[in-house]
């Protein structure tokens, strides 16, 4: 067992656990109240949304601006499972977790499926045109949801059980970031980045650009769908109008303010800008105007994003790591050549 | 027939608003390649501004409306003021980002829009409550082939038309218009030819702002509730109109605006949700059929 | 046995005929150069031969298969690849990653194994890295492996483009002005490199270039284009003396001057 390697790989997870325990401690000790926890949970959901948007816009270089549409599909999908297929607030305790997870899964799948449907024709469009189509998609989903009576139409869906806890959200955020990090540093991730940096060259070098664009799009849609499900079970109430272009633009702002093409940037951008409006609450009616000024200032002076497009160590995989000792060294296994030999 | 004509009149009215606003989008896009998300808010500033400017002239108010000369002055002040704000926004928020990727400027535009909407909202003398737009003209109702048309509508549509023709002449027949077209084709080459690019861009934003003010006045004359959020939804639809006509093309923006306005009125008459969605439906159709827009030309990337 | 049969390839842009009946019968292992003044249509021919443009008429038969209408990545998968006149590297990626990206079409790892970074996936990544480093070694780019492509000097960027193209395991390699903007020493290096990789990787090469002292020594035969039409074809020495070629490049007054 390679203890040094274990420490290096596991420390991010340890930090997440520590954050959780610290938060619970502060909560029990009366220093934090439920409101702060809720802000943290929203930050977590926003991190998931921003990171998944970053996969498509930041890493694959596309212009998708209707991400809230996928969130709404996931939110409604999950809510339908927990309140309409199963018995909502009356689900027995033992069944709650499986039903919740099923709901999230269904929400994610619905979002991904619609993503594929939209992606196939649209991802052939370039730049601004793709942006417009994705904007329209978000609004059309909203318009359709407003018309469907059984799920509450424009008034929305109430009575969604409160299954989203801090633990669940931290778990999903960590999982999302871990999986996305692995994806970026894999043949798929490299294909996405190639498409972003020079699509024609990528095509000529054998990359089926449409296939990879749709793959990125569907993965992002799935994650957004799951985040939507978590959102629905946090608020206990959802309505179509909360998923308008305004919400999509929130995620775009988080993404670019944090740094396009950087997962760390998504974490920082989403977390900071979710917390900022709450911190500014003391300004009452000046709150949004001040937030707007902060945003413009950040974009003017840190145009590459708050983290400058770079990644913190735990969000990146260096080439040299391929040659390091694995976690579990098999008895008698050959030692792979070290990074220095190359 | 008369209902058709009636709807057509309303469509032209709404269409003028969209067209004026779409022109601003298209000119800015043509010149600096960015979509100014805050453009719809210029409409709001124009409308709200007119409300307050009109207050200054209350002494001239005779039985509910103002004499034509005063109205012209009010509109002019509103246009100049909104244009100036446009120039200011460009100088502060967009100019420093000119060489950065376009999305950065877009996000900044989102921030600017947020600010333009919420800063006035926080100011005590404006606040979130809607205000009633002053009646600027004496309303006389005329009957035409069975449909009714008011003098206000006639003035509004004519004003919009005059402004649009003026703009078209400016861009195509004047020296500054030639400069604008040069900058929109190649900024650096234009600078090398001795054109003051910053000045041209500022002028473009000024014109865009002024047009938005006129749009705001036209809109508010028909729907007199003005409040800080009135511009954003209109802005989105005008943006679609600009894309429909071919973003970057002036005639396209005018055409797109009228098509959007007329379709929306007729679609709403059928069903209100259809009216809401018709803009997006048109958009999707044009993107599938001719993505460059009705008047647009797709530029191919040179390999 | 001809590996690539191009018959009557033509393309019109609106009313302009950019390439007019281009024909080529490429034998395996050959090195053919396509020369001609700027705007003659040489890069356009390359664009058609890699699927970037669809010809208005004509056929491209590669190893017996008709290629017209296929997408560029399908051309690459069949075995035709190229470098670009205006370098098209993945600028924000490292040198090593640039080459790895060209390996995508040979990727065997599933999406799931990439998400989970399984031991099998990691082993495959390591093998790929070793393969890439070997290739970079052949092209003298090993110590720049972790540099960002955009930070490389010009000559090394061109070499990287070649390395990247080689990673796709091509049978036919199209080089578009590989020595544009280079001085004599760099030219000689590149010429040696091209001859070397042709032998080592069993390539058939088509070359576009303006530098005659680069083309003449290494090409097996030469085709000359002017205004989209093929005006001459033959061995290097023949082409050098062909009056039509001289006229196209230098103008009519030089036709009778001894080359």
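Order as written gives the chain letters A, B and C; numbering starts at 1 within each chain.
Rule of thumb we're sticking to: contacts are C-beta pairs under 8 Å (C-beta built on N, C-alpha and C of every residue); 3 or more make two chains touch, one makes a residue touch a chain.
Just so we're clear, the structure is a prediction, and the values are computed from it rather than from any experiment.
Engineer: Per the contact rule at the top, check every chain pair and give me the one with the most C-beta pairs in contact.
Structural biologist: A-C
Engineer: Taking each chain's centre as the mean of its C-alpha atoms, give the chain farthest from subunit A.
Structural biologist: C
Engineer: For subunit A versus subunit B, what separation do you get between their C-alpha means, in angstrom?
Structural biologist: Taking the mean C-alpha position of each chain, the two centres sit 36 Å apart.
Engineer: On a C-alpha centroid basis, what's the spacing between subunit A and subunit C, in Å?
Structural biologist: 41
Engineer: How far is the middle of subunit B from the middle of subunit C, if each middle is the mean of its Cα atoms, in Å?
Structural biologist: 50
Engineer: Two-or-more-chain contact residues of subunit C, please, as numbers and ranges.
Structural biologist: 52, 84
Engineer: Which residues does subunit B have that touch at least 2 chains other than itself?
Structural biologist: Counting only residues that touch two or more other chains, subunit B contributes 303.
Engineer: I need the residues of subunit A touching at least two other chains; which ones are they?
Structural biologist: 200
Engineer: Touching subunit B in the complex: which residues of subunit A?
Structural biologist: Going through subunit A, the ones touching subunit B are 57, 63, 121, 125, 128-129, 132-133, 136, 139-140, 143, 146-147, 200, 245, 249, 252-253, 256-257, 260, 285-286, 288-289, 291-293, 295-296, 299-300, 303.
Engineer: Can you tell me which positions in subunit A touch subunit C when the two form their complex?
Structural biologist: Listed in rising order, the residues are 179, 182-183, 186-191, 193-194, 197-198, 200-209, 215, 261, 319, 322-323, 326, 336, 342.
Engineer: Looking at the complex, which residues from subunit B come into contact with subunit A?
Structural biologist: Touch residues, subunit B against subunit A: 35, 93, 96-97, 100, 103-104, 106-108, 110-112, 114-115, 117-119, 121-122, 236, 240, 243, 247, 273, 276-277, 280, 283-284, 287-288, 291, 301, 303.
Engineer: Please name which positions on subunit C make contact with subunit A in the complex.
Structural biologist: 50-52, 71-73, 75-77, 81-82, 84, 88-94, 96-97, 100-105, 107, 109, 111, 114-117, 119, 121-122, 125-126, 129-130, 133, 142, 145-146, 164-165, 167-168
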